[in-house]
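In the two complexes below, chain A is the common chain; its partner is chain B in one and chain C in the other.
Up next, the complex of A and B:
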């Protein structure tokens, strides 16, 4: 029982990061139809941002979170303006390759600037653990989870209640029709891309609470993020969030109850089976 | 099927003859070992790119997991030589058979998926394969296997001291694959594939068994990519899952075809020339600045793909324009 609950806890923690990455991917996928390979790298950049803010100014990741998100939002919009908006005019395949090449550039740029060594933030504000007798909850891991839930909640609120969010959803449904009723699709795309980068930034910033920081960190989350998005249903943002959580939990359980080496295989097999029987994903309608 | 294959393509064959003559003579003129290795790698990538082009380019089913077949080909050759002392001349074809069998079994369920979901599924599949191979003790695990056979006959075991021999041998393989693709290019089979790419529902409604043809294309492309993998393993005489089966390799395979021109005969070859040259030269000149070479490489890839979505083929004059326009994914 203790093991079961402990694995559930760890799974939900890892899943919450995955959920944020997946939400970013789902946003870009749903709005622009691009499979974004650079989402994991946005996470990585935010992690380094948070690390250096801590190193030079002593900011705790919680404090630097809004700053990291803002930086990532700006970087996201810059990348959209510079590359993605041009790529959107081309075929789908080259869009995918461009985001992949972009991720390669970002990883190696980080390698060049920050070196490949593993870094951690030595001292964080909230640490220690809660011992419940049958399981131990590390406070350091609860913080990222809470941040993830808050950011996800904010995103749901933003997309459902604000004008801009509604515009994003309208454009994702039908670009031409949205343009006809006076929404500027170009601007909406830019903001959606910036938001997806900012979400990844929040995830990365939260992740520095207990995770190593190194240039390739994003690739670990990339494929699982994709899988989570498909599990949740194409481009559905709440679906992606829950897909991410499920992925995290499934990851933890296969790691505990099966050979840890094969846990990725377990997840991939489950995913391939799921896609066969529910090609629209777990929460996809129709 | 095509009675006048030679006759109708006279111009093309003339060009090919000139190209082959140039390819044969070039390394004799430029006697630099680095260039020889570069040329050999170009041939490997050209074969792999042509293989991917069958399913991804002509049929429009963009697989992002072809490193699976690349790795299978390399592993079959490597383990056959290392464990059973089997000559690659035989094991290449065993690798082709294995790849086609795997493609047959996974292709059936996977090819029902469309668009991004198909791409993600193929990615997940090759990721699975990579992890299985990493944990496969008998097959060398994560450390990989050196497949050099001691005291073996050079030609019988395809292990040459002279790098030029690799080049000429691979040139024969690449030429064979190129002729096969050129022959199929105007065949019913490939027209069916193009129809499927254009509109699957329409293809079905005119009586094309889309599932069967997609599966055939997938198997053919797996077979060709597997040959490429086998040759690569034979060239560097070392196999290891993190080198052969990563997402990077899958994406390079796609890039080779896309950069040259999707769904064209010559596209993957031009793409391989451009891509391999860029990657090898940046690696040599900038590799010591940890990562700078890959930054430049990535930036160049972005620029080329961004400003030339039809591939290099589309730049080469009007005559090839038709093929390039069709090649847009």
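Up next, the complex of A and C:
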């Protein structure tokens, strides 16, 4: 029981980060048909951003959060304008691979700038733990979870209630029709890409509350986030959110109940079964 | 009923001539849209070779032609959905050739595309509200919505329903209603009757007539030539990407050549 609940806790914590990464992937795919392999690296950059803000200014990651999101939003828009918008005018294969190349470049740039060593933020504002008897909840892990849920909530609000959010959804549903009602698709692409980077950035910044910071940190989150998107029904943002949580929990249980060496096998089996029996994902309709 | 100008159109040095003229009959003659030698196609393949036509304010112009003759491509090119390969499109005297659709909406042109193209995951009302995307005046949008609901009571009944769960006829009405939400001066309809039962086709045609009566200029593409000729003021026929015949609706209806070639008569 204790072990079961503890794994559930760890899984949901981890899953909330995956959920934000996955939501970014789903958003970019839905709006512009680009497979974003660089979400994990956006998360990584934000982690370093949070780390250095703490090192030089003593900011707690909670304080750094809006700053990290803003920086990632701007970086996302710049990457869209410089790289993605051009790839969109090119052949399909380069559209598929461009973000993959981008992630390689970003990882190596981080290695060069920050070295490959593991860093952590030595002291955070909220720490300690809550002992429930049968399980222990680390407050340091609850903070990123709460942040992730709030950011996801903000995203849902933005997409459903604001003018720009509605325009982004309209473009993802029908690009031609969106143009015909007066939406400039190019502008929504840039903002959607910036947003995806910003929410990956929020996930990264929150993660520095307890996680190691190193240049390759995004790779696993990227891979798992990607599977979460497929699980949630490709392009569905709520689907991606819950897919991320499910992936986190599945990962935690395979780690606990099976040999941790088989962790990835477990995830991949879940993935293959899903593709077999619900090819459009859990939330993807029939 | 007033056709309130809810979308602010840009300064217009040429086109206002007819607006305030007191002697009604002549104002109808003002040219709203002029398409000259239009050429368009897909990836180096020219589909529309030479299409010319003129639309006058307040009239219904029909574009007829058999399947694949290039009607939809013509509309896509003139609304900037695809880049024209040649020719000129002028709207109220201004050269608008190749402007993207979102800029044309601002100038008062709305298109209801072939195949409806609703925002499938949104409710009917959200679809309509998206139609007024460029209008930031909440009150004006509400007024416009009421006007459009007045025209399409069936759409109002379904306003909470998700668009892709509607029947084909309902979807078409929503598509037209959405097009009207921007308060266009020129409404372009691409085969609104496609795939509908004959009763619904009649209903759609009645709506088109009502919209024209509101003072909106209409360009309608149809294959259903008989009904369309009875509805429109003026018609052109496109064949193999060229505009070949034109004339007043009633006259074309009587024209033996047209009957034989396009009306299956």
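To be clear about the criterion, the second predicted complex is superposed on the first by the 285 of 286 C-alpha atoms of A that agree within 3 Å, B and C clash if a C-alpha of one lies under 4 Å from a C-alpha of the other, contacts with A are read in each partner's own complex, and residues count from 1 in each chain.
Methods note: a residue touches a chain if its C-beta (ideal position, glycine included) is under 8 Å from a C-beta of that chain, and two chains touch if they have at least 3 such contacts.
Worth saying up front: this structure is predicted, and the values here are computed from it rather than measured.
Under the clash rule set out above, the superposition-derived model of chain A with chain B and chain C shows the two partners fitting side by side. Look at A:276: by the touch rule set out above, it reaches chain B but stays clear of chain C. Contacts of A:265 after superposition: chain B is touched, whereas chain C is not reached. When the two complexes are overlaid on their common chain A, residue A:108 makes contact with chain B while staying clear of chain C. By the touch criterion stated above, A:98 is placed in contact with chain B alone, chain C being left untouched.
Rounded in steps of 10, the angle chain B-chain A-chain C defined by Cα centres in the superposition reads 90°. Of the two partner chains placed by superposition, only chain B is touched by A:86; chain C is not. Once the two complexes are laid over each other on the shared chain, residue contacts for A:170 go to chain C alone; chain B is not touched. Within the superposed three-chain model, A:223 lies in touch with chain B and out of touch with chain C [touch as defined at top].
Judged by the touch definition given at the top, the superposed model places A:182 against chain C, while chain B stays out of reach.
The superposed arrangement places chain B and chain C with a least CA-CA distance of 11 Å. Within chain A, no residue touches chain B in one complex and chain C in the other.
Taken together, the chain A residues at the contact with chain B in this complex read 29, 35, 83, 86-87, 90-94, 96-98, 100-102, 104-105, 107-112, 115-116, 215, 219, 222-223, 226-227, 230, 234, 259, 261-262, 264-265, 268-269, 271-272, 275-276, 279. Considering their complex, residues 79, 81, 100-102, 105-106, 110-111, 113, 117-122, 126, 129-131, 133-134, 178-179, 181-182 of chain C touch chain A.
Chain A meets chain C in the complex at residues 163, 166-167, 169-170, 173-174, 176-185. Listed in rising order, the residues of chain B touching chain A in the complex are 56, 62, 64, 109-110, 112-113, 115-117, 119-121, 123-125, 127-128, 131-132, 134-135, 247-248, 251, 254-255, 258, 262, 289-295, 297-299, 301-302, 305-306, 309, 328-329.
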